[in-house]
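Two complexes are shown next, each including chain A; its partner changes from chain B in the first to chain C in the second.
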Partner chain A sequence: MLFQLVLSGIAQGSIYALVALGMTILFRATTIVNFGHGEFFMLGAFLVYVLLHVVGLPFLPAALLAIVLMFLLGMGLERGLFRPMGESAPHISLAMMTVAFSFLFRGIARLFWGREVYPMPSVFSYPPIEVAGLIVTSQDLIIAGTTLLLVLLFFVFFRYTRLGRLAQATSQTARGASLVGINVPLVHGGMWGTAAAIGAIAGILVAPITLLYPDMGGQILIRSFAAMTLGGFGHLGGAVVGGLLMGVMEQLAGGYISTALIDIFAFLVIIVVLLVKPSGLFGRREAAHV
Partner chain B sequence: MSELTEVTRQQARPGVRLQRCAVAALLALALLLVPLVTNDYTQYVVNSILVYALAAVGFNVVLGYLGQLAFANAAFFGIGAYTVALLMHYAALPFPLALGGSAVTGALVGLVVGLPALRLKGYYLAIVTLVFGELMRWAYVHGGDITKGSGGLPVPEAAMFGVVADTDKAKYYVILAVVAAVIWSTNRILRSRVGRAFVAIRENELACASLGISPGRYKVIAFVWSGLVVAVAGGLFAILLGRISPESFNLHQLLLHFAIVMIGGIGSLVGSIMGAVLLTAAPEILRNFPGLEEIIFSLLLIAVLLFLPRGLAGLAARLVPALKERLYRE
Partner chain C sequence: MKLWKRLALGFALATMIAAPAIADETQGVTDDTIKIGIIGPMTGSAAIFGKSVFGLEALYKQANDNGGINGRKIELVREDSACDPSRGIAAAKKLMAQDKVFMIHGAACSGVALAMKPEIVKDGIPYVIMSAASAAISTPAERNIFHPVPTTVTVANTMVDFVMSRGDITKVAVVAHSDEWGKSNRDPAVARLKEEYGLDPIVDLTLERGQTDATPQVLQVRESGAQAVIGMLYPAEMAIFLRDSFKYGVRPPTFGNMAISLNDARDRVGNPEAASNLFAFSPFAHATDSEEMKEWAALINKYYPDERVENFSYLGMGGTVAVIEALKRAGRDLTRQSFIDAMNDIKDFDTGILSANLTFSPEDHVGLRGGAMSRLGEGGILVLKTWAE
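On to the complex of A and B.
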């Protein structure tokens, strides 16, 4: 029972990790905390649903097309909503803008798909793998694998590529970066696109094992906040470790204490971490700028 | 000192003071006569406008004046509503006492939310308060026989001084009296030394601390007052609906309060009232189209953030300079 719970916790936690990863990347590049990230997740899933069932594409092209569309949507958001607010826009206003667009997408989804839930057919219908009495589904393996791959990719990107370093420089001081010739709006746009695409990937991967409904982003958002908080806000590895830990702890709490606890476990984690050690497991203490 | 300047200002311009009194008297008369021109349905909408105006005013204290990104408003609102419902349903308390109970509970919960706000800033506070609201909703659903779960609780009819407020028109006077009194007190607080301290903390916390204005103390005061005001609004909401359920206090409720404050004008009490008039009437018209309400609210929010940072109140102040509020720096 323990190992099975840990295993399904890791599978569940990979999803949280993936969503938290998208938020962390955006946070690192733009210092915006995106309260609308759950809607990228929801839109990605619904886009694939539409491309599969209305347009009639096979899964792989549909998924790729959805990811590209979400990337463009992310860039469009930066161009249309955040760039006009200016570099000196207060953090509160930027956060409010993310709240505003999240409800916009939620409303649009509700307009088309009402308050019902939509099942999506499982895409990879390989039989579950059984090792020493433990059951692993292929979907879980794909989710965990994709997460790991993306984490490595972004680690390399931020640490070793020129573009990644430009992105980091931009987040440290946008003004300084533009003075040395970095195209700051383009970097921000690219990061918004990347964040939206990662959110969509998570949504596409999860869609077959959950149901689709317009409010599906809200639940995952809070759990990803918990993952980010636990790992340390803005820390890439922290977001992933936090996500996996969240998944495992949630399953253990649900399995050994009470299933009702699964719903609020993320809340408790957030409250305890922020009250006890706001910087999380890996984060650094922020110094106040005077 | 501030009283002295207030007196000299009034003596210097007796005409202005008289004019203001006349406007206030006319407004009060108009408000008292509203039930003469409404039917049951429009009266219900007017009542909701008053309740939401109060909820937004309480939110504005923390969001607009203190400048803290705290999202506990739906939680305060729900706690106030459940306190009134529980006290009236189980303890059979008369309505005024139950509403007093919700004010006390709201203030205490405001204290509980305000204390972490001393340590947490910006996003961290936003996330914790958001989580607090969802946690409360979970508590209502899993409250067993006490909160009656997702089915919700019936709220007995309010009686005041032997008169039972069983129609929407009768409820109107109860709600109007409470809302007017609480908004008036909020206005007095905001225009006092305490209110100016809130705004000073919003503008620069470190400078405040160095001038001997304790940010911690005033933050707690703002949260306590905000909790009290919004919980009272929630108590009135329970009376208005006659039945409350956990789903009334979800993220959607929070969006409504948030949109009212932002679209009406952040840091403006008049703005919150204007926002409540605009946004409370809208859902009634849009009721048959799921999602449309969210789309319109969010588009309005985006428009306000991009083009009208001071919302409707800012627009009104541009047209009528007398409406300009001094506590906001342009």
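On to the complex of A and C.
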């Protein structure tokens, strides 16, 4: 049972990691904690559902189109909601704006799909794979693999590409970046689009497991937030490690202590991390030198 | 002051005090309408239970099309509780104070019904439960609250008796939500197992609402060697449990309560084989895919053509038939008290849809004390009284 719980924990933790990754990328580039990221996750999944069942597209074109549309939505949110607030808007105001659009999108989704929970087709539907008595599904492997791929991709992006360094520069000092000729709004818009697209990827991969309903994003968000806190805000690898650790610890606690602990585990993690090491496992204390 | 002036003043004061009470008795009733407030979870994670509302409303609309009740048409006012107790309280207050309805018919979520209960008892407005099952809603009996659906105690007893009817069951696992709804379903089942059969659950597990993985629960069921699983779970979580049970090759028969629809569970899991060992409590006289039930489905679709009729759509209809009967019996001189008296006079009443007849009395407002279990067979849904069938 131990190894199965660990394996299941890694699979479950990959879901948290994938969602946490999208939030971390946006935080890294804009310092905004996006409490509406769960709705990117939900909308991406519903978009694919509509493109499959209403428009009649095959799965792959539907998924790609949904990701592109969500990228544009993310850019649109930055342009329409956050850019007008200005560079000097307090962080709490920016966070509240993310809460506001979260409720807005959830309400709109409920108008259309409020009473139904829908099954979502898997990317691949192979039977579960059994190795040495341990069971894992193809969906679990795809989610874990995608998470790993994305974290490597964005590690390279932020560390080795000019655009990635521009994004980090704008997050550290938007005015300074603007003074040296960086198009700060364009960078921010791109990062919002990227975060929305990653949220959509997560939704498309995870919805076959969570099932599809308007409140699905909120359930995942708190656990992913706990993963970010555990791994260290703004640290890409930390988000992934935090997510995986969250998943494994949840499963072990549920399997060996009490299944009643699973639901509150995320909150326990947040409290403990903030008390013991507020910067998380991989985060660094920020120091400003004047 | 002269005596006649004192008498007149006293009469005026008495009238002023009594007038609101008299008005309350006929609030929501005009010469040609009876206003009924409907509360259900039309949005939110439990919105699937809001389908019950359409069953209720279809019957009231049919009554209107058939000439109304004693010359009055039913006017419906619907509010959304979203299965949220605070929203339910706000909805009930709005219906009573602003819309001034004659009665409230609603609540699919027991948490909402229990939250609304103090305000409704205080106001004295007649309240008929739509499909919420918690026994605490109607026990002990309140003068103005009627419960025409099986309570959690009835459902739990039926489920446990069914499981144990096979004769060779000694290991029963229980998986439930830890919220008020889960406890009100789990506790009577565990008590029934103990008191009637001398058994404790072999494992007693929690699967919370919103959880997307049931691996720890399924593995513990596997390790325990359970021969049957009693699952007091909402539909999404039951689907997660069935899916993960199938994934790990854990296949003991699983028993769901009134919140579970067999077809809905099969569709959510997306794998008919994973749902093939699922039994669900059935309060209905006939299988939900039978010809008899198709008539009820046709009635709903007559007024709501786009509504996908499901198991939950029928849950409140038996109670609505009883309400319409009571309104008829109360006559033209309709007041809250005359309606309550008419409901209390309902004895051994065949609604045409429920598995047992409804009986109310002033001391007992739990109208239904029976049920059956159902499962998906090769030809459709089978309604079973014992597992041996």
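One rule holds in what follows: the second predicted complex is superposed on the first by the 283 of 290 C-alpha atoms of A that agree within 3 Å, B and C clash if a C-alpha of one lies under 4 Å from a C-alpha of the other, contacts with A are read in each partner's own complex, and residues count from 1 in each chain.
The rule we apply is simple: contacts are C-beta pairs under 8 Å (C-beta built on N, C-alpha and C of every residue); 3 or more make two chains touch, one makes a residue touch a chain.
Everything quoted here is computed from the prediction, not taken from an experiment.
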item: Combined model on chain A: chain C and chain B, fit or clash; value: clash
item: Touching partner for A:60 - first (chain B), second (chain C), both, neither; value: neither
item: Which of chain B and chain C A:180 touches, first, second, both or neither; value: neither
item: Touching partner for A:110 - first (chain B), second (chain C), both, neither; value: both
item: First, second, both or neither for A:33, with chain B first and chain C second; value: first
item: Touching partner for A:210 - first (chain B), second (chain C), both, neither; value: second
item: Touched partner set for A:276, first chain B, second chain C, both or neither; value: neither
item: Touching partner for A:229 - first (chain B), second (chain C), both, neither; value: first
item: Touching partner for A:263 - first (chain B), second (chain C), both, neither; value: both
item: Chain A residues touched - chain C or chain B, whichever exceeds; value: B
item: Clash with chain C, by chain B stretch, listed 240-248, 294-302 or 312-320; value: 240-248
item: Doubly contacted chain A residues - partners chain C and chain B; value: 110, 114-115, 214, 260, 263
item: Of all residues in chain A, those that touch chain C in their complex; value: 1, 4-5, 8, 11-12, 15, 110, 114-117, 119, 121, 128, 135, 137, 206, 208-211, 213-215, 219-220, 251, 254-255, 258-260, 262-263
item: Complex interface listing, chain A residues touching chain B; value: 33, 35, 81, 84-85, 91-93, 95-97, 99-104, 106-112, 114-115, 214, 218, 222, 225, 229, 233, 260, 263-264, 266-267, 270-271, 274-275, 278, 288, 290
item: Touching residues on chain C, where the partner in the complex is chain A; value: 42-45, 47-48, 50-51, 178, 205-208, 210-213, 215-217, 219-220, 223, 235-236, 239-240, 247-249, 267-270, 308
item: Chain B to chain A touching residues, read off their complex; value: 67, 69, 116, 119-120, 122-124, 126-128, 130-132, 134-135, 138, 142, 206, 251, 255, 258, 262, 289-299, 301-302, 305-306, 309
